[in-house]
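For reference, the structure discussed in these notes is given below.
The letters A, B, C and D name the chains in turn, as written, and every chain counts its residues from 1.
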C-alpha cells in the first residue's frame, strides 16, 4: 500500500449512502453529504459494522431505557474502517501514527477527558461520554464517518476488517475478565452464550481458565459454545443450573461466574454457582426497569464480591494483540454478512435469533 | 501481677455459674462443672461479655435462619477473659506467650485450618467453623470457658476488659473497611448507627475518611452517632437518604457506602449514594429469607463493586493497636453494664432498643 | 468576598516582580511583563511558594541529573494563588468552578493527556509532562503566573495560603501511602524526617498507622518528628537502625517502610526493617548517578514488594479534605516565611539545614 | 486399579534404597529402613524426582548460603509418588481423598500453620517451614518417604509421574505470574531460559501474554525457548538486551519483566526493559552474598513495582488443571531420565549444562 504523506487524502465522493432509523422497524437507506474531519479528527471510510444487540433494541423499541430515539438516527458502533483523510492538526507519531488508506479499528466512545472518571483512567464511566449510534449521536452504518484520531487503532495484517469490527465487543469481554482478576487455572462459569458471553469465555480461556461452564437456553448457541470454547454446556430449560454446576465441581462451585445474559434470574444463578470467596462479574445489560435480586444470606455467607461491568477501558491494544497472536479467534462469531443495502434484513435476522445467528456483520466497503 | 510459670494454674472452684437459654426468652442461671482445657487449650475466667444482636435474636426467636436452637445452649461470643490455666502442650513463645492471670481478648471462631479458605488465609469463610454461642456450640455467658491458645490475644494495659470484649465487633468493622480499600481523604456513608455501623464509622475515621454520613431511624442512635463520629447524620424517616446525600456531595455521592443495617431497603440506598466507580460494602446481616434488591441499571451504569462482609480475619493485633493508641475509642459504646445474674435484663434492654442502649455488657468477673 | 461574574478580571499591573536563577547561587529579582492567560488558562496572583529541596538543588548545582539549567529560569512549584483573571473558554461548573479573587492550590504538573500513562489515569508517569520550575519551564517565584484552569483547586476557608502551598508535597505523601495500601493498625517506619518524610508519617497516621518509627541524622528534625508525629525516633548515628527497629518490634519488623531520605543506604535499611511479606515504598529522590543496592537474599527470603514513587496523582481533593478536617496539620512544617525579595536568603537557609528549617515559605502576596 | 479401603496398605519391603549426599560430589546409594507414616501422614512410593538447580548446588558446594550440609542428607524435593500406606487418622474426604495406589504430586514444603504468614495464607513465607531435601530435612531421592496427607495432590489420568514431579517448579512459575497480575494481551520479557524461566514463559502464555521476549546466554536453551514458547529470543552475548527489547517494542518496553536467572546484572536488565509504570518480578535465586543493584533514577522515573518471589502458595490444584487441560506442556522440559542408581550422573549432567539438559528426572519407580 502506498503510504501517503500525512495531511493527504484520497479523493472523496460528494455524497454517501447512510442507513437511518426513522422509527420502529423503519430503517431507510439515504443519501447524505460526506462529513469533513475537524481538528484532531480523521475521515473514515467504514469497512465492517457489527450489529449489536443494543442496535437491534433501538430498532425494535425505539429506546433503551431513558435513551430515546426522538429524531432519525444512524445506528452502529462496532466497526472497522480505512482512513480516508486526516483532519487539521491530527497528532502524529504519538498514539496514532495514522496514514491514509490504513485499516483501523475504532473505539466508538468519545469521553470528556475532564471529569473525575476520565482523569483517573476510567473513561468507560464518563457520564458525559458521546457514543456512536446512541441518541442523539449518529452511528456508523454509513459509508463515511469522522472520529477523533486517538479513537483509531491501526490493525496489523493478521486482523481483517470483520475481526477489526469485533474488537469492540471483544474489549467488553477483556474488561470483564480484567475485573475478575482471573488467574490461570481458575474455573469459570459464563451465563449466556450470546456474542458477549462467548467472547468472555474466549478471553477467559486465553487468560488460562481451565474449566469453562456455559449456560444458554438457545440450543444453537449452546452447540456453538460447545464447539467454540466451553468445556461444559448446560441448558437451563433442561436442568437447574446451580445444582448441576455445583455437582460438576464437587460442591465447590467456580472461582468466577460471569453473567452475560441480562436476564432476571441469571445474577442469582451466577451467585449460586460461585464458590465461597469467589467473584461474580455482571456484564449482561438488564432491561431498564429490572432489579437485580440476590439471595441475601447466600451471598453474605459466601463473602462474594460482585462487580458491574460498564463498557471497557484501554482494551484496544491488548485486543489487537490477542487476535493477532490467535489467542482469541473472532471469525466464527461473524456468522451473517450483509451489504449496507440489506441492513434491515440483518437487523431482522438478529432479532429473530434465526438461522444460527451470532453476529450479523454489515460489509460497507471491501 | 505475679507471672506464674507456664503450666501453672490458679486454683479453680469445682463448679461455676452459667447462663443457659432453654427456650425463647427463657434464660436460666445454672451450675455447671468448670471445664478442663485439653491439649492446646487454655482455661479462661470470663471477664466481660458483650450482648450482640445475634445473641438477642436467638433469645427472641430461637433461631437465626437455618441455625436452630434445639438443645439448651449458652450464648455469648464477644468477650475478654483472664487466663486461669494452661492446658497440655500449649505453644509457648510463638503466637501466644500466655501466662496465668493474663487479660486476653478472645476470638470466638475456631476454624478448621484444613479447607481451601483457611489455607488461603480466609478463616472467616471456613464452612466448618465452630463459633462460640452458635448452635450447637456453647458460648461464654459463664464464669469459665476453654478456648484454643491461639484464639487468645494478650491485652496491653491501655485496653480494659470491656474494650477487650468489644474487639470482636471492632474486628468486623476493620474487616469491612479493609474490603473497601479506603484511602485517606475518601468520603463515606454508613447506613445504620447500631454498634457495628458506629464502629465501621470509627474505623473509617481512623483510616482517614474525611466526611462521614450516617443514617439511622432511631433518634437516640443518630444523636450518639453525631457526637461520636459522624460529620452528617440523617434520619430516613425525615428525608430521602439518597437525595440528601447526593445534594450534600454536590451530586457526586460518596466514595464508599457501608450498609450496616441489614434492612431490605438499605443495600439499594447504599448503591444510590455511592459515586460512579465507587464501592458498596454490605456488613449488615439480613433476615434469612431476605433478598437483596438493587436497581440493575443504576448499579451497572455506575460500574459499582459490591462486597459482602462475612465475619473478619486477622484483625485482633490491629484492633488492639487501634484501641491502645486511642485511634478508636470503644468505651462510649458499652452503655449498659450488667452482672451475670441479670443477663435476662440485659437481653431485654437490647431487645427493646430502650434507654439509649448500644452495647449491653455482662460483667462476669472483675 | 465579592464573587465577580465569570470572565471578569481584577485590574492587573503592567509589570511584575520575578525571581530568576541566572547561575549557581545567582538568584535575581527582576521585572517582567504579567503573562496573559490563553484559552483554558487562568491568570494567578501567586500567594505562597514553598521552597522544595529540588529548587535548592538547582540553585546549588544548576542541574538535577539530566535536567540542566541552560537559560535563566524562574524556580518554584509548590504554591497557592488567587485567581486574577480567567482566560478565554475556561470551563465552568465542571471541575473548576473558578472565580476571580478565589484562593486556589495549584498542581504544578501539566501532563499531556494523550499518552498511555495519562489515558490510563497515571499523569504522574507522563513522559511529556511540563512541570513548573523544571528546565525549560518557568516556575512560580513571581507575582503572577498562568496555569490551566483544571490545575487550580479552590480552597475552603479552613485552608490558608501557606497550607495551600504545601498541598503539593502533601500529595506526594498521600500517593506514597496509597501505594502502600496501608491498613489501619499497621506499623510503619519512615526513613528520613525532612518535610516529605514528616508528611508521609502524618498521612500514615491519618490513615491509621499505629506505631510510627522515624529515623533521621539531623537532631533538630528528629526532635521535630518526635513532637509532630512519630512514636519512636532513631538517629542512625547513634545505633544500627535495623537492629533497633527489629528489637522494638520483637523481631517482626514493620508492615511498611517508607524511604524518604534519598540516601545510598536507606533503601536497604528500609528492606531490613520490613517484616516478612511487607512493603517498601521508596519516595526519596536519589542522586542521579546513584544505584539502589539491596541485599538480594534478604529481600527474596522476605518476599518483599518494592514500589518506587514518582510524583502523585489525583491527590488534591483528598489533600484538601485532610487539611480541612484537621486530619493532617501542615502549619508546623512551614517554619520560615520570607518575602519575595529575600528568596536568596530562603534558599540559603534551606541549603544550610540551619535554624531548625523544614519548609521555607515565600510569601509573594498577602 | 483396585481401590483399597482406607487404612489399608500394600505390603512394604523391610528396606529401601536411598541416595545420600556425604560430601561435595559424594552421592552414595545406600540401604535404609522404610519409614513409617505417623498420624496424619502417608507412606509414599516415590515415582519421579526432578533434579533442581538447588539440589545440584548442594552437591557441588555443600551449602546454599547459610544452609549448610553438615550431616549426610538425602536431596530431592520435586516429586511425584504413589500412596503406599495411610498413617493413623489421615483425614478423609476433605482435602485429600487419598487411597493406596494413587498417583500424587507432593508439595515438599511443610509449613508451621501457626505463624502470622501461615495464618494469613502465605505458607511460602513461613520462617519455620520444613522443606524436603534442605538441611537438616531429608529429601526424596529414595524409594519411600512419608509426608503429611494434605501435601499430597491426586493426579488425574492426563498427568503422568514425570509431569507430576514438575508441578513443583510449575508452581513457582504460577506464583510468579500471579504476583505480576498479568492480563491477557500483556507483553512480557523473561530473563533466563532455564527450567524456571521457561515455565514462567509457559504460564505467562497460558495467562494470555501476547509477546514473550526471552534472553539467555546458553545457545541450546535459547533455541529450546524459541521452539517451546518465546516469540523473540535474545542472547545477551550478542547484543545489549535492553536496547534490543526497547527497539522491538518501539521504545515502550514490556508490561512485565520476569527475572529468572539469578545473575548480578539481570535485575537491572529487567528494570531497563520494563515500560513506565510496569512490573519487575524477581524469581531467580541469587548467590547468597549477592546484592541487587538497580539504577535508582531509572526505576524511580518509571514508577516501577518490584516483587520478590519466594516459593509458591496454593498452586497445586491450578497447576494440575493447567497440565490436564494442556494449557501448559511440561513434558519437553524433562530432557534426561535416569534410574535411581545413576543419580550422580544426573547431577553431573545438570552441573555441566551439557547435552541440551533442562530437567534431569530420576525415575525411582515405574
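Here is the rule we use: a residue touches a chain if its C-beta (ideal position, glycine included) is under 8 Å from a C-beta of that chain, and two chains touch if they have at least 3 such contacts.
Everything quoted here is computed from the prediction, not taken from an experiment.
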| item | value |
| --- | --- |
| Any chain in contact with chain A as well as chain B | C, D |
| Comparison of B-C and B-D (more C-beta pairs in contact) | B-C |
| Centroid spacing, where centroids are CA-atom means, of chain B and chain D in whole angstrom | 43 |
| Separation of chain B from chain C, taking each centre as the mean of its C-alpha atoms, in whole Å | 40 |
| Touching two or more other chains - residues of chain C | 116, 120, 122 |
| Chain B residues touching chain D - in the complex, by the definition given at the top | 91, 94-95, 112-116, 119-123, 150, 313-314 |
| Footprint of chain A on chain D - complex, ascending | 174, 177-178, 181, 183-187, 203, 206-208, 210-211, 315, 317-319, 321-322, 324-325, 327 |
| Chain D - residues contacting chain C, complex | 65, 116-117, 120, 122, 124-125, 127, 252, 267, 276-277, 282, 285-297, 299-310 |
